[in-house]
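The two complexes that follow have chain A in common; it is paired with chain B in the first and with chain C in the second.
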Partner chain A sequence: MAYPPIFSSLMRCIQLCSRAKLLRAQSISSLLSSNQIRHGSILYSAVCVERYPVITSNKSTIEERFSELLSKLEQENSFLSDHEVRHLKEEQAAKMKQENADEESGNVDTETVTALDLEDKWDAEIKSFTPASRVTQADEQQNQKSVERRLESSLYLLVKQNIAGREHWVLPQATWENGETLRQTAERALSSVCGDVKATVLGNAPCAVAKYEPPKEDEEKPIKLFFYKAWYREGNVNTDSGLASDYVWVTKEEFKDFCHNSYNGHLKKFIFDM
Partner chain B sequence: MNTANMRQLLRAAPSVFAARASLVALAKAFRMNYARLPICASYQHHMRSLSDNNRSKWHGLWEPSDLKTEPDIPEFDTIHISMKGFDYPVLESYAKYVHKAVDTMFDLESDAWPVPAKSTQIKTFHPNSAAVNDKYDLQKYERTVMVEDVPITTLPILLEFVRKNCPEGVEVFVKEPDPQEEEERYVPDYEVIELQKEKEAIAAGKLRKK
Partner chain C sequence: MAAILSNLAKLSLSQPTSTVFQSCRIHSQVNPLLIRATQQLLAEPMKKKKRIDPSVLAAKEAKKIKKIEKEIKKLTRFGRILKPVAEIELPNKQFRLAKERQRETPVLSFEESEERALLQKQWGRYRTKMWVHQYQVYDKLVAAQAEALEELKAESPELYQEAIKIDYNMIAMNFEGPKLTPPIRDYVPPDGDYVDTSRKY
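For the complex of A and B:
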């Protein structure tokens, strides 16, 4: 049950926040803010903004080889298509003509479009078309702030937020305030921390929760962090609000380069890369 | 008169056991004629219990206080997952996959049906002329999977599943039932329409003749 300093520092942050609210409200009678007293624990809502893949995922070597084998089998077991039948007929007709031509005097050939002519035409059409590259400029520059990166996999938004005095790489999160639902907290986290990012939050109920129970000696409140999933629509983060000092769009494998191990463990509960 | 009724009911024996109303009629007939027809006491009791007004005197006297009329987690009545695409084998296999998953994995009541395809004709022209270069006949196929009684907590998971497994070239829409789309499922039977027109023409013709 060894939790990292993140949660104990979170606790201290809450106490600091509550004291700040106290000064603003100018109520000297209560030592702690009424918002925090009402709930036994501190509640946070975090939103996981996911940019879905734009192109199909890359096949692994085994998948490539198997897919090649399957198409080979399919072709070998298949019947001839209309085009191939036409080509065969034309070949036979050409042979017959040659044999007849040997016996008789040459006849005038009528102009017909053969199957091979069509194939040449189609080849030319394909050559004139260049598909877009699977590797974008952002990929080449390794720009982790860009949404255009890694089009074949899902990208998740991570921000560097100040939690309890220390900077951590987390999913954008906000503290629950009395009178709002957890989903509203998640949407507030999205709009306040991320800025111009537009995303559709899925469901009114959170998809995962991370709990922290402090040891009984420290008189700290337990913490609950609720996760919401959201589908990215458009926009990118601007750090003008100051709540986030930095941001990245990363794939699931790259989480470990940024987040704490225990936090990563919580994320693995609900982030699936298929 | 009674025996005539009885004979009619017995002739229709296989269909009788399908419809409860006719069963009740049979029971009533039997009750009146049980003395004449040889049926055992237990079958008499069974026939009596089939009648509509047969209720135990303790029925509804002690109702359990913890009866739930609604599920704990609210549910969506019906959700339609419609898949559209030009590539038929890919669309068909994806529709089958979704239907099977909803049935087996999510354990929800489901049904799946095809919607009539919409055909498009595309003509490409030679540059700066009206001469047709190529002509394509494309069909946009559609499949719909209907899911019933989806708990609101399961829907986001279902949405993610459908989206993550969507193959290339297939558009997926997850929405509530639309009566307009229900109309589009039915293909007009041109033969029947023609015959009806003929019938109306004949009727009009007859009137004119008079």
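For the complex of A and C:
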């Protein structure tokens, strides 16, 4: 590992930019003129819509233990807070009072709010509020069509699309058409297959590619499938267009239950748990 | 002699002892006494205004402006000059308070301190593993994208050019979360909503 990856990706950006400047002069001919050019393979764009985690991930055992230790250490190394100082002073005052009362009884007690009273009040206040559960209804019903499931991890959108006469679980995909960029194809794939899902495609560059070579007997062109990542914003999947018969929101681990092994291999190239 | 006296009386102020005589005179005499004492002002005569040469005044003004300009220049050249950290001293009161607020730390048993040390070592190994994993993930992501771009370039230089363009929409991006618990739907906060009313310019 010569460079940290962030450097290498930066270097890559710089290289790309300088290359872009060089090539811009050569490729003044616009996309329109490329309509005549026949590509060596059929181009597809697929969009990987990711719903990012809504809640923090569950702590592992060591994380749990270490966070406990850290809070213990922090408490031990800290100074007494205003509240604690007040509590101590009140305790001392109460003791003094008791000693005095033993000697001469008959002091009139005045009602005051002590630090302990305040603590009870705060406890009651926090108990009156119940936060939403980390486990949602969709989790309990095992409803894989809901974006509300598995809030602690990333979810990816898979659709059942008809590809070459057979139905497969894939990321929403579409064929590239003349006059559009691959990113536009990816956006079109999402809007045409899934309907109302709003997502932001991240960047103009595809994040991975999958190549399919046809059998030699067939006189078909090879296929190149470019993947784009997108950030799920809102909306529900609507398969009314008929391009997809079904859909699911799944985690990375659940891909293997749906996708073909080879397709799953391609997904593993660019979908990672950090 | 009497005539002279009466003349003198005409000139002088009214005598406090001769009110009867005076009241008689008011009616009898054609010309009443018109002498009146003016109000006392209790003031000094006005001082003569000192005249300053306008050139001197202008010079004074210029000097002031120059001084301010000099300071501005100094500030723009060096920025705010901060006090060196070594010179910053805490007031004595803080030290006294810190002593007062000392917490009594429990004495750790041998097992306890050993366990803590072990856990810290474990944690170090765990984080290192994660760090290595992250680096590998970054490398794989970069490699996957590079492969995709190479394939695209081989297919169509025009599409490649479109793909390597900078996406300026990504620059102003904000993220929120993840949080400990999911948001409650249709939650009405008991203290009301926070509305930012500060003026926008």
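Throughout what follows, the second predicted complex is superposed on the first by the 228 of 274 C-alpha atoms of A that agree within 3 Å, B and C clash if a C-alpha of one lies under 4 Å from a C-alpha of the other, contacts with A are read in each partner's own complex, and residues count from 1 in each chain.
Going forward, a residue touches a chain if its C-beta (ideal position, glycine included) is under 8 Å from a C-beta of that chain, and two chains touch if they have at least 3 such contacts.
Every value quoted in this text rests on a predicted model; they were computed, and no experiment measured them.
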| item | value |
| --- | --- |
| Which superposed partner A:A115 touches (first chain B, second chain C, both, neither) | neither |
| First (chain B), second (chain C), both or neither touched by A:V54 | second |
| Residues of chain A touched, compared between chain B and chain C (which is higher) | C |
| Touched partner set for A:R134, first chain B, second chain C, both or neither | second |
| Partner chain in contact with A:L182 - chain B first, chain C second, else both or neither | second |
| Contacts of A:L243 with chain B and chain C, given as first, second, both or neither | neither |
| Partner chain(s) touched by A:M274 [first = chain B, second = chain C, both, neither] | both |
| Touched partner set for A:G203, first chain B, second chain C, both or neither | both |
| Residues on chain A lying within both footprints (that of chain B and that of chain C) | 52, 56, 202-205, 207, 272, 274 |
| Chain A residues within the chain B interface of the complex | 52, 56, 202-205, 207, 229, 272, 274 |
| Chain A-facing residues of chain B, complex | 152-153, 155-156, 159-160, 163-165, 168 |
| Chain C residues within the chain A interface of the complex | 98, 100-103, 105-106, 116, 119-120, 122-123, 126, 134-135, 137-142, 144-149, 151-152, 154-159, 161-167, 169-170, 177-185 |
| Residue ranges of chain A in contact with chain C within the complex | 1, 4-6, 8-9, 12, 16-17, 19-20, 23-24, 26-27, 29-31, 34, 37, 39-41, 43, 52-57, 62-63, 65-66, 69, 76, 78-80, 85, 131-134, 136, 151-152, 181-183, 200, 202-209, 211, 224, 226-227, 269-270, 272, 274 |
